């Protein structure tokens, strides 16, 4: 007796598309077959729809303390938005409070998330300092399933900037245990200098946020980061990559034999810097900022060719009121935008336009992040034995991405004017329906922590 | 009741390494678990060994008529060598006899191979002419499972050279049905010119084979091919890629958004052009020829970074006697070397040296070719539902790659002086042991044709 | 007693700017000094102006038979336009009439040009066929001063297409004598194919001219050409380069050690493909066509960095009536636009915008082409001993580039709506004033043929 | 009446080769002609020889305090070596003593050099700190003719390391006045880290000097430097560039529109890292260290293609005894080797091998450095009006580059075992013979300071 069978499914995995039925019991997929005869508690018909593995959103900031405030979505509201967007796993960034150890930070985040999360989650760890205590605990947090460490090459004022030599040290340590280092790549010094120049010239509007963080600042930092990774013989990935130049630098690092990953975000695939000329400019303030059209086009090409490995939301949202912290000074606007609910529709729009294939969509949003962060094959695929994390997408459903239709606690949507064709209509998280037709129908705390398994280290250790 | 259980297995898939047991029934994998309680006919212990999915050798030429002779291995002797090297699927090149249609060629090859093959096989199709009859049958052969078409940018004398415009036409047609085009990339004109110059100067030794086919000839052709693929919006792959420059050109094509694949071969990963100075130079004559050390190093880096997708043998062997056809004229030496039996040991040697990881080895030799040619998930992975094609590798077994230890019909081995540590000791083809400890124990005709499924075509067709 | 002294001159050479006076006698510069005391026949005050070496326009087609008609400017009207634009030397393309030898062609062009040219001129030679007769005469025409040979990689219908192997042969021969090969780089086959497709779909408007000659067609051909030059160990240059990708390919060839030159034209620096949407689209039909904004920007960057060596006009003009030959079929519109008179103002506009320096302008338009084609130090610089070819530019003069102000025989100007600030107001050709304030004041036949000296060949010949 | 006439001269300028005679009066070239009839005090026959403009060695360290000692050559012995190697101008690095201002440093260096120099010289200025006082004096030293500022991205222990933001600040200031910034590009942090690791492991031999300064450290720094130059919109050049990767980064910066220069040195063109395995390893310790063969080859290609602009000696020599300061610790070995006397023979060897042309040699060693540092047309060419700085090279003279034949105060020669064919046999410095057949025949203090003229600044300032 099965708990659920998805029938008439056009199933899209990272390797191809096929028709069949999916049998589910105890939260896992137990059958993938042409016709399932076993009885079942519930049938979900997917006729005329597409059935994909639930998305793994590898980059979220729920309840994240940043720039003097805290992000608007907590683990509940945020993961409700995820569920309604077809995301069945988020990987959130735990960040050390002053004086906390890495392990304490891990525990703190578990305590914050466990009672609230509505879909499964895993964790990254932001390290603020390369002191010996932190270096010593890297091994331990990897054992806890936090196998990805994040470092910042900017944000000095917020105490996040990490020096080159310390990046190198942490990379070496993380690599030892099969973990991976993610980097926010922007050249801090150059940005600081430009910010000072603009503020000194009383150029305080959000428009100068973008001007003070030019593409070159990202490109330079990506190059430096990949060079350090080469020195340390470490795996690394570039988070929220936004420019053509950065992508070229990642590719160049691959030519030197490094297996560097890169992630981009839905907003870089949708908007350009023109948004900073509009009335709602402050709402588009994130770092790196929106870029030129040629960057946007290059990112889509990168998705098509496989040079960009993942798309994640960088869901990090602040209400209009919070954004007003920077009313007089663009550098004080809390950086970040929502996104976890729109990854799938934005990418599916790319499928409709012929920019990427459906299999690629699944690779970018589910299979690749699951593999990269050690969650595969539990997550990231529709196959026997995997968690029954499944999203049903209706390719004909038209939906305006307005704040009224989205589930975050945001009081506005940067996608307000955009209407897409193709939208998720049902989400299963470990076999339970958590979202149906725009309604969240799961429960607070229904999700669980899923530890990531580290990558195999170098064969000599075998 | 199972047919076979592999116990104590350190299982290496493309996604990672784990310990467990593999249960097999009716030629398929039915269980992958920590402990299998079901009874079984046979137990295979893999204690101290590694268990990998059987290799998919995507590039072989058995019974191949070429340069006035026919390759030394037929489908029997060739696939015996495959089996003993851990290869459980070969993809062979069918080639049109003068006047035959594509469908007739397909049938001819089936007739040649079916009664003899000792492991499973699939087929590519070489097209010699872009006439309407051939264009029309592309759709049909793809339906037969031949979803990869091969074109030559050289070998005019052998009637294989295809013009740019015809490459473009075929690419467009193949892409329509989700097939892929593989190209032998070398600039024909430049090579012809150099060959004439050398022969005119009475430089007839094998050494001039390499001199007349310089790296630049490959690089140029790869660029042209990827450009044509861009024009045609088609998938393509570069067969037997041998140079750093070619790899850079492939990467550059990816930067333009093309999902180009590249394959290299064990000999390019082992030898350099120095071999053409030796006494056995003729035995190393293949096209493209062996290259400089820096190319060899770049290819290994390409495997490490994932920029090269597959390693295949280009098994195309001619005996010393056959090689003597070019005794007086290097351009008459039949081009080709054996390789299907050494892919695994040569790559494992790279693992031992820390150049690539074990998972990468599986990706390069099994998972990627299976996916690329539509054989996944039946081939290319150890998972429930897949064919029980499995190879057991003993990481401590030392083996000299001498002709006495290899199973091809060759009278010599280009790897004669090389001793490796790490060698396959047992091969299962669809659940049956076909090779054990260097002995072929399968049977003639024991393998079957496995049709490739075409790639999904562009989403607009969904 | 001097013939002329230019006083109060802010002299701009390729190496810098300095103030001084220029003394001229017998058509040559005899003094460059702070104060010239010697008496003089005439004084030209350059107060408030800039004094540059006369431009060398390395790419013109006067009286050029092409696509079933002949260009609108003959050697008289064309060089009047040159003189009024500050150009004191043109290098025109002689082209073999069917059946004529290279030497006959050279003589024919001398006969056409000598009685009419109003400024000095030199010659390139278009070769249509790589037959032995032509190969044999290469040496001889180089001795006549025609040290640059031009080959086409497109225009099959017009009998100009040259195959790869023949390009290679000619390159080798030209290199032997220190000559250089210029190439029109566009992939013929791909263009032909697109043209057929558009015409078959009854897309006959000029807009499809551009669509049928995409950037990739140029990029591919540049790569092939530089590869062939590498094979032949020959100098080469890319004429009228129009895309970012082509420039990147040229640079890449330099990384391989080739000293490849590249030329671009004023129209690529001014317009984008948008012009093909306008009413006058036919007037903008040239090959390669106008490109995207990003290409235009990349070309300016190439001028700034020195990666592009020269700017020439590709002056090849057809009246509106002539353009109507392609009224029903864009592929029949005679390709070409005027330009010799606007090189200086268009580039000076780039100086005003801070895109390039004045010295760079002189390098691009005078020093570099003079050196490249063996005319330096007679042309290309203001120094003692050089020909007194001098242009005085008024940086404040505003001028609309309308047909009424230009001197070509054209009945329209593609620059009609453009008004520039900074325009040549006086031109000296070998010491004689030939243009003053928009009036041509020289005489028909006043110019002479200037033979180019070949480059030194490889040091082994010394 | 002339002071000197060079007869039968095969004159090589940067633009070509021609035969003629050179007339000299008062230290300047007054005639360059086929036959000079004017009487002369002295005739120098150059029959069978080549006559080149005297070399401008743009990178020397005479009497340079560094790593706890002072270089072995003072301005006398060093410039004697220069003269005997055909170098007629050196550009030496003045460096701030603790507490000295830039102007004081300039004066100090003038005082050191003026009484001793045997050929002409100009000066660069090393800046140690980006404090306001130093920034303020940049304008003044440029007016003194010191138009090139040098910054270090390494050597923290020696008080030379400059931070990114300060490099950026200085670049902006220098660019304002038309100066140029030269950078020693190596990533300090990574090197420090490797040095510590090696020393901790008791790996103290000179071999580890090279291992601790890997190619990647240079490549990364070049990228960072060119990025900063892009930010500052400044001219810059990379001193003593040693790797293929660095060259590629320079080229890439050009693609972005920067006019970046690069210099390499004779030792990188001659040796590879193998020298660190020999007994005399300590004598080859310089930074960056000697590299791989592929780097050496790439540098020669860069000279051939023009991507590398200059070759200078980085003459910075320490005796064997001085080198012993690092007997127990490779990081204490004073960094540097001699070279001013061998630039010409080493490059001419490249001419003989067909790697570069003679004109290119003149560009690299004379014309380009003269232009780059504002000394042209006084230096860098044989033309009327220029200083009579001339070197006569005998293409047949064989010479061992042993310490016995060289003129530096060194007690050994890193070129000891190398014998070249082609050597300077006579040097004229402003018309006076200063070297003849290996003998220095000039006088102490015979040279003068030659101020460099800054580059024209951006056209908006005109």
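Order of writing sets the chain letters: A, B, C and D. Residues in each chain are counted from 1.
The rule is short, and it goes like this: a contact is a pair of C-beta atoms (placed from the backbone, for glycine too) under 8 Å apart; a residue touches a chain by one contact, two chains touch by 3 or more.
What you see is a predicted model, and the numbers here were worked out from it, not measured in a lab.
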Study note, to complete from the structure: Touching chain A and chain C alike are B, D
Point to revise | Rounded Å distance, chain A centre to chain B centre (Cα mean) | key: 37
Check your understanding: Taking each chain's centre as its mean C-alpha position, how far apart are chain A and chain D in Å?
Key -> 51
Practice item. Give me the residues of chain D that touch two or more other chains. Key: none
Point to revise | All touching chain pairs, where touch follows the definition stated at the start | key: A-B, A-D, B-C, C-D
Point to revise | In the complex with chain D, residue positions of chain A that touch it | key: 163-165, 168-169, 187, 189-190, 192-193, 216, 219-220, 223-224, 227-228, 230-231
**Study point:** Residue ranges of chain A touching chain B (in the complex, touch as defined)
**Key:** 10, 15-17, 32, 247-248, 251, 254-260, 300-302, 304-307, 351-352, 354, 357-359, 371, 376-377, 383-385, 395, 453, 455-456, 458-460, 462
